[in-house]
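Multiple structures follow.
Okay, so chain A shows up in both of these, paired with chain B first and chain C after.
Entry: the complex of A and B
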């Protein structure tokens, strides 16, 4: 069943010195309910912008996003965003941060919020850290808070903007295993932005490879690897083949970008 | 290092200073009429306290100070928030505010007397004028320096502008706001003294002016000491308030 539909998305940003920057252009994508889609692309290709458009934080200059057939005009309770920089409020405890989205709905009593928060603290494995402040946590734990905060509002769609980019390599691997474990429980629709090819293949049902700026769909790759997936799957021949293929696609784009810069210089 | 240890080390310098000051006259460095002596000042202080002169003065001065200061907070914080939040307003008002901020308010004393009358009114006005700008400007800076990603987080959860204000802008800008309040206290105290010296017949400032004019150095220093002590106590109170407000984020890098 079709869940998210992006039609001919085009995003431009006005430049301080005048003129416009074309960040995303003619971007089409259809995401099915319960599908895990990763979007991978060279840096600066507009992938984060694209996610903000789906969340409703940024308006596209033209084109539309539909969620369940409804036009997106702003943020909504059916979507929740996980940030690369975690975006936790430093003066709030783990509990307080996870409850933020629920508070902002202005619907539940603080007791009910507390119960729900506790549930999600357990889900992401942060028991015992309820009263800790973000600065007392490691990067991986902070992002667990970020994920729990998004899950707590029980969205139908999880939008993840390079959520593991600020973590070290080992933590990153563990977090992607954890993410799949959590995702397997209720299979929400996920749009996951990354610049890590490994991550994009490991997590996804489909990988969208973006071109360098202006960001367009370069190719969409079906990942047929069986689930649930352990880290060992990264050695499977199919995984290696997909990784190679995506790398080739991205290399073209990165080269184009670099050459383009040299031409101008 | 523990707090009492730090206090002790700091106290050492104060003590040494008092000893030197006390010894300066018997050692023949200066004449007592010029700088008085700590023991004399202490005696004068006790006398002024016993006669009630200090309390009467303090009562008047503090009344003026608090009224002016509360007004400064009530005006400075909301205006600072709005200017910090809306770029157009800050472009519009920054130059004007900076000009008034840096204007020597004391020089406006005669005008303030004309507007608000001799005594209490002028004192409140000077305190307000002195304190409101550091509070306003620092609040605006605090709002501007709030990490935009926090605002995005609240927005992405469907938060309104009011939610952004309550959940992010206000708590996020507390540290600079407190800096503004601390600076405001200093300016406000200065305002009280100057205003009362020039345009009042009561209050600590008036007494300072009186003793200064009649060259009663010992009493003058005792009164100035009262003002210093006030400043010290206020600064300490605000530091405590700061710790209390920012509980849990004291160690966050801002």
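Entry: the complex of A and C
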């Protein structure tokens, strides 16, 4: 069943010196309910922008996003965004930050919120840090707070912007296994941005490879690997083949981007 | 490489030695008549004047008057200044519209308004409060505005992403984010308000620490003048220390 539909999305940003920057152009994507879609693309190609459009924080200049057939005009409780920059309130503790989304929704009692927060603190492995302020946490811990905060509102759609970028390689693998476990439990629809090709293949039903800016769909790759997936799958021939293929696509785009810059210089 | 490390204890200890040393020099200068004792008085005489002032009960009345004027002035400044600063921080047109007034208040010697205040409000507490209010409000407005503007936009985006209501956005993001700046502004404003109150009392009043100074100053009783100065210093230092304490409690979350 179709869950998210992006039609001919185009996003421009006004530039300080005047003129406009075309960040995303003619972007089409259809995401099925319960599907895990990862997005890879060169830095600055408009991935974060795209996710903000789906969340409703940024208006597209043209084109529409539909969620369950409804036009997206702003943020909604059915979607939660994990920010690339963590976006933790520095004056709130881990507990306070994870509970923020629930608090802002005004649906649950503060006691119920506390219970839920505790549950998600355990889920992301931050027991013992409930009372810590963000400045007392490592980058990876902050990121986990951001993930827990999004999970806590129990959205139907999880929008994750490089959620594992600040983690070391080991924790990263453990977290992605954990994420798949959570996802297989209640089959949220996930849009997941990453710079790790490995991760993009390991997690995804489909990988969207974006072109360099303005971001367009360069290719969508179906990942046919069986689930549930263990980490050993990364050695499977099919996995290696997909990784190689995505690598080639990205290399082409990054090269194009770099050459483009040299042309202008 | 070795650096001398001073502990907090040392700074207090050394500071006290400095003050005691200065008092000693002062006392000696008066006793040995290195300077005119009528003009410079002496620590002993000042202590005597202070005791007399306290025993007569006038000290408490003067202190009470000054504190009353100070609290009303700073309270009004905060009450008007914080909302104004928030509006200016949020809204560009409002900022530009109010900017001229802020600069007027900031760069004009406000004391020159004094004759007007006397005519409008009469001699006494009201005119003094008005002066102190004008002295202090600018600092609060500017700090609040800068605090509100300085909030990381990604935090606002985050709250909006969770569908935050405007009230929540204000009380859960804007205000806590700007609070350190606001409190710092309050501390600076308090210093300015104290100046306003003392200046007003010096000019025209019949009570307060400033009045005490001007009353004895005109009678050339400098021990009493120094006693007045001493109490004013205590008030100023005490208040700013109290706010510093508040600040350090409020911004525990800052690294």
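One rule holds for everything that comes next: the second predicted complex is superposed on the first by the 265 of 265 C-alpha atoms of A that agree within 3 Å, B and C clash if a C-alpha of one lies under 4 Å from a C-alpha of the other, contacts with A are read in each partner's own complex, and residues count from 1 in each chain.
Convention: a contact is a pair of C-beta atoms (placed from the backbone, for glycine too) under 8 Å apart; a residue touches a chain by one contact, two chains touch by 3 or more.
The structure displayed is predicted, hence computed values, not measured ones.
Once chain A of one complex is fitted onto chain A of the other, the partner contacts of A:75 extend to both chain B and chain C. In the superposed model, A:90 makes contact with both chain B and chain C.
Looking at the shared chain after the overlay, A:133 reaches both chain B and chain C. With both structures placed on the common chain, the touch criterion links A:55 to chain B and to chain C.
In the superposition on chain A, the residues of chain A contacted by chain B and by chain C overlap at 55-57, 74-77, 80-81, 83, 85, 87, 89-91, 100-101, 103-105, 133-135, 153.
The residues of chain A lying in touch with chain B in their complex are 55-57, 74-77, 79-81, 83, 85, 87, 89-91, 93, 100-101, 103-105, 133-135, 153.
Contact residues on chain A toward chain C in their complex (touch as defined above): 52, 55-57, 74-77, 80-81, 83, 85, 87, 89-92, 100-101, 103-106, 133-136, 153. For chain C in complex with chain A, the residues that touch the partner chain are 152, 154-155, 157-165, 168, 172-173, 176-177, 179, 252-255.
Of all the residues in chain B, the ones that touch chain A in their complex are 147, 149-150, 152-159, 163, 167-168, 171-172, 174, 246, 248-249, 251-252.
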